[in-house]
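Look at the two complexes coming up: chain A is in both, with chain B in one and chain C in the other.
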Partner chain A sequence: MSAGKRSNEPVVWFLFGVGGFFAAYFLPVHVLFYGLLFPSGLVHAPGYQQTLALVRHPLTRLYLFALLTFCFFHAAHRMRLTMSDVLNLRHLNTVLAFLCYGGAIVGTIVTVWLLATV
Partner chain B sequence: MAQYTQFQPKAYRPRMSAYWYLDQWHYLRYALRESSSFFVAYFCVLTLVQLAALGAGAGRYAHFEALMRCPLMIIINAVALAFFLLHSITWFNLVPRVAMRQMLGRPTPDMVSSAPNYMVWFGATVILALFFLGVL
Partner chain C sequence: MSDTIILEVARFNPESDAEPSYESFEVPLRPDWMVLDGLNHIKDQLDGSLAFRWSCRMGICGSCGMMVNGVPTLTCETLLMNYAPGPVRVGPLDHFPVVRDLVVDLDDFLAKLQKVRPWVVRKDDFKPAREFIQSPAQLESFHQFSLCINCTLCYAACPVYGLDPNFIGPAAIALAHRYNLDSRDQGIEDRLDIVSRHEGIWDCTVVGECSTVCPKHVDPSLAIQQYKLTATKEWFKSFLLPRGKH
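Our next item is the complex of A and B:
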């Protein structure tokens, strides 16, 4: 690396690390209730109005913004490295980085838009 | 300045099988742990779909709920839960490898370093479950 050129790796590793903690703490209970218990009828699902009221609370919006944004970047970084290392696609590193981080940025923009308009 | 030689030395590139992660259990566990990221992305997108359905009205949300009741979706979500649990456990077990590990000048046991994360995980799970059930 030439002198004076800064690497952007610390930024993506920071987003990856924070997203890893968010995913580890919060995603299992989300998928347990909204992916399994509510749809299967084992637990009575909250209705439309109750869910809407929960999502419209400012703290819920803040929580969902942080959760989804950090998890998108966590997934993007790990997916890039997985495809590069596990699937031996190192020669496509630039394309993978563009697709993964670009997807995370698009996901973040859509998250902000949906949370602002719901 | 380097001179041209007829026989250039080539970098050593060991040939690696496309299925190298099946060679050892440790490799497979690594590949499975890293693959959890695909399910993280999937569930984030699914949550965005849920938010869009919520914003579109009660009718659209009923369609979303019907989609979630589909057996295939329940199977995918069960697999996602398994991968999320693998991610959580491996993530918390990594903390002792990267965090400061000295307490009163002595090395801290692995479990003591990981335990606070498991406690926060349990607390966060209970609190979120109470919110989802409408108790809080």
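Our next item is the complex of A and C:
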């Protein structure tokens, strides 16, 4: 990201963009069902065994991997820019990038571990 | 309603003042008067030393952009009446060095504008014998971006430009995009070298204020996001084909 050469930002922006798509279209569905409709009893909640069987399906694992990891990187990018601009921490850009994208990478590793062992 | 309004105008004389201050003037409040008419009344009748830029009075030269009540505004097409009963605070455009009173130094913007090569770039000897045919759809793809009048209101509105003066900025990127989209142009690669740097499109965090304040309804924010997509595609192409010329 030094001046005078082409930026490597396309990578994080691409992850941010795809994550934005997942966060806008898919995440709200999960929040609606698992956060509101199931707990309130408005919709009959699937049982533990049923949910476990669903999560163990390869396609579900793939979907959850994509949903969670892209959302992590979306959040990381947004957090980094918000902290650097709104809190005026531009001089700490490298530290912020390390913390935010590092957090997303840790999230990705945990996701893979959970999905592989469930 | 009162038939006058108070204009609080920023004053700064670099030879005598350490920092800008505001001076109040009472000007007539007429239904057909723009903010610029109020300033001209001050200059003609009250204090001839007031410095500000203006030219066409019809929103096309882009000279009379100022901060009116904190918002970047083209003063020749904004009614004084909108701010009644006042007072109205008029200052120089944010984020630019002030030369005197309401006049700002635009050298930084002009240098950036030139850098992105905002003209039709050809790699061949382009001497068509007849007119270059461009379809309505091809024209439509860049038309809105060609309406920019270089008034720099978008630079005054952009918080990123305020934080990072190296940012190439909304108008210059929108104009680079305008020529990239033009079917006569072949300069996209040259411009990408400048615009896809960190201080180009990647500095933008999509605040969108540039598009809100634009008096010509150009959408620089859209231009920058479309440009990011182009640059990302090019980045992945050059990553997959490191030696390939694309």
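Keep this in mind: the second predicted complex is superposed on the first by the 112 of 118 C-alpha atoms of A that agree within 3 Å, B and C clash if a C-alpha of one lies under 4 Å from a C-alpha of the other, contacts with A are read in each partner's own complex, and residues count from 1 in each chain.
Going forward, a residue touches a chain if its C-beta (ideal position, glycine included) is under 8 Å from a C-beta of that chain, and two chains touch if they have at least 3 such contacts.
From a predicted model like this one, the values you see are computed outputs, not experimental measurements.
Residue contacts after overlaying the shared chain place A:T94 against neither chain B nor chain C.
For chain A, the partner with contacts to more residues, out of chain B and chain C, is B. Looking at the shared chain after the overlay, A:L81 reaches both chain B and chain C. Of the two partner chains placed around the shared chain by superposition, chain B is the only one that A:L115 touches, whereas chain C remains out of contact. After overlaying the two complexes on the shared chain, residue contacts for A:W13 are found with chain C alone; chain B is out of touch. Using the contact criterion defined above for the overlaid structures, shared-chain residue A:F72 touches chain B, although it does not reach chain C. Applying the stated touch rule to the two superposed structures, the overlap between the chain B and chain C interfaces on chain A comprises residues 81, 85, 88. By the touch criterion stated above, chain A contacts chain B in their complex at residues 19-21, 23-36, 38-41, 43, 45-46, 48, 50-52, 54-55, 64, 68, 71-72, 74-79, 81-82, 85-88, 103, 107, 110-111, 114-115, 117-118. For chain A in complex with chain C, the residues that touch the partner chain are 1-11, 13-14, 17, 81, 85, 88, 90. Listing the residues of chain B that touch chain A in their complex gives 16, 18, 21, 31, 34-38, 40-41, 43-48, 50-52, 54-55, 58, 61-62, 65, 68-69, 73-74, 77-78, 80-81, 84-85, 87-88, 91-92, 117, 120-121, 124-125, 128-129, 131-134. Here chain C touches chain A in the complex through residues 159-160, 163-164, 166, 192-193, 196-200, 202, 205, 228, 231-232, 235-236, going by the rule given at the top.
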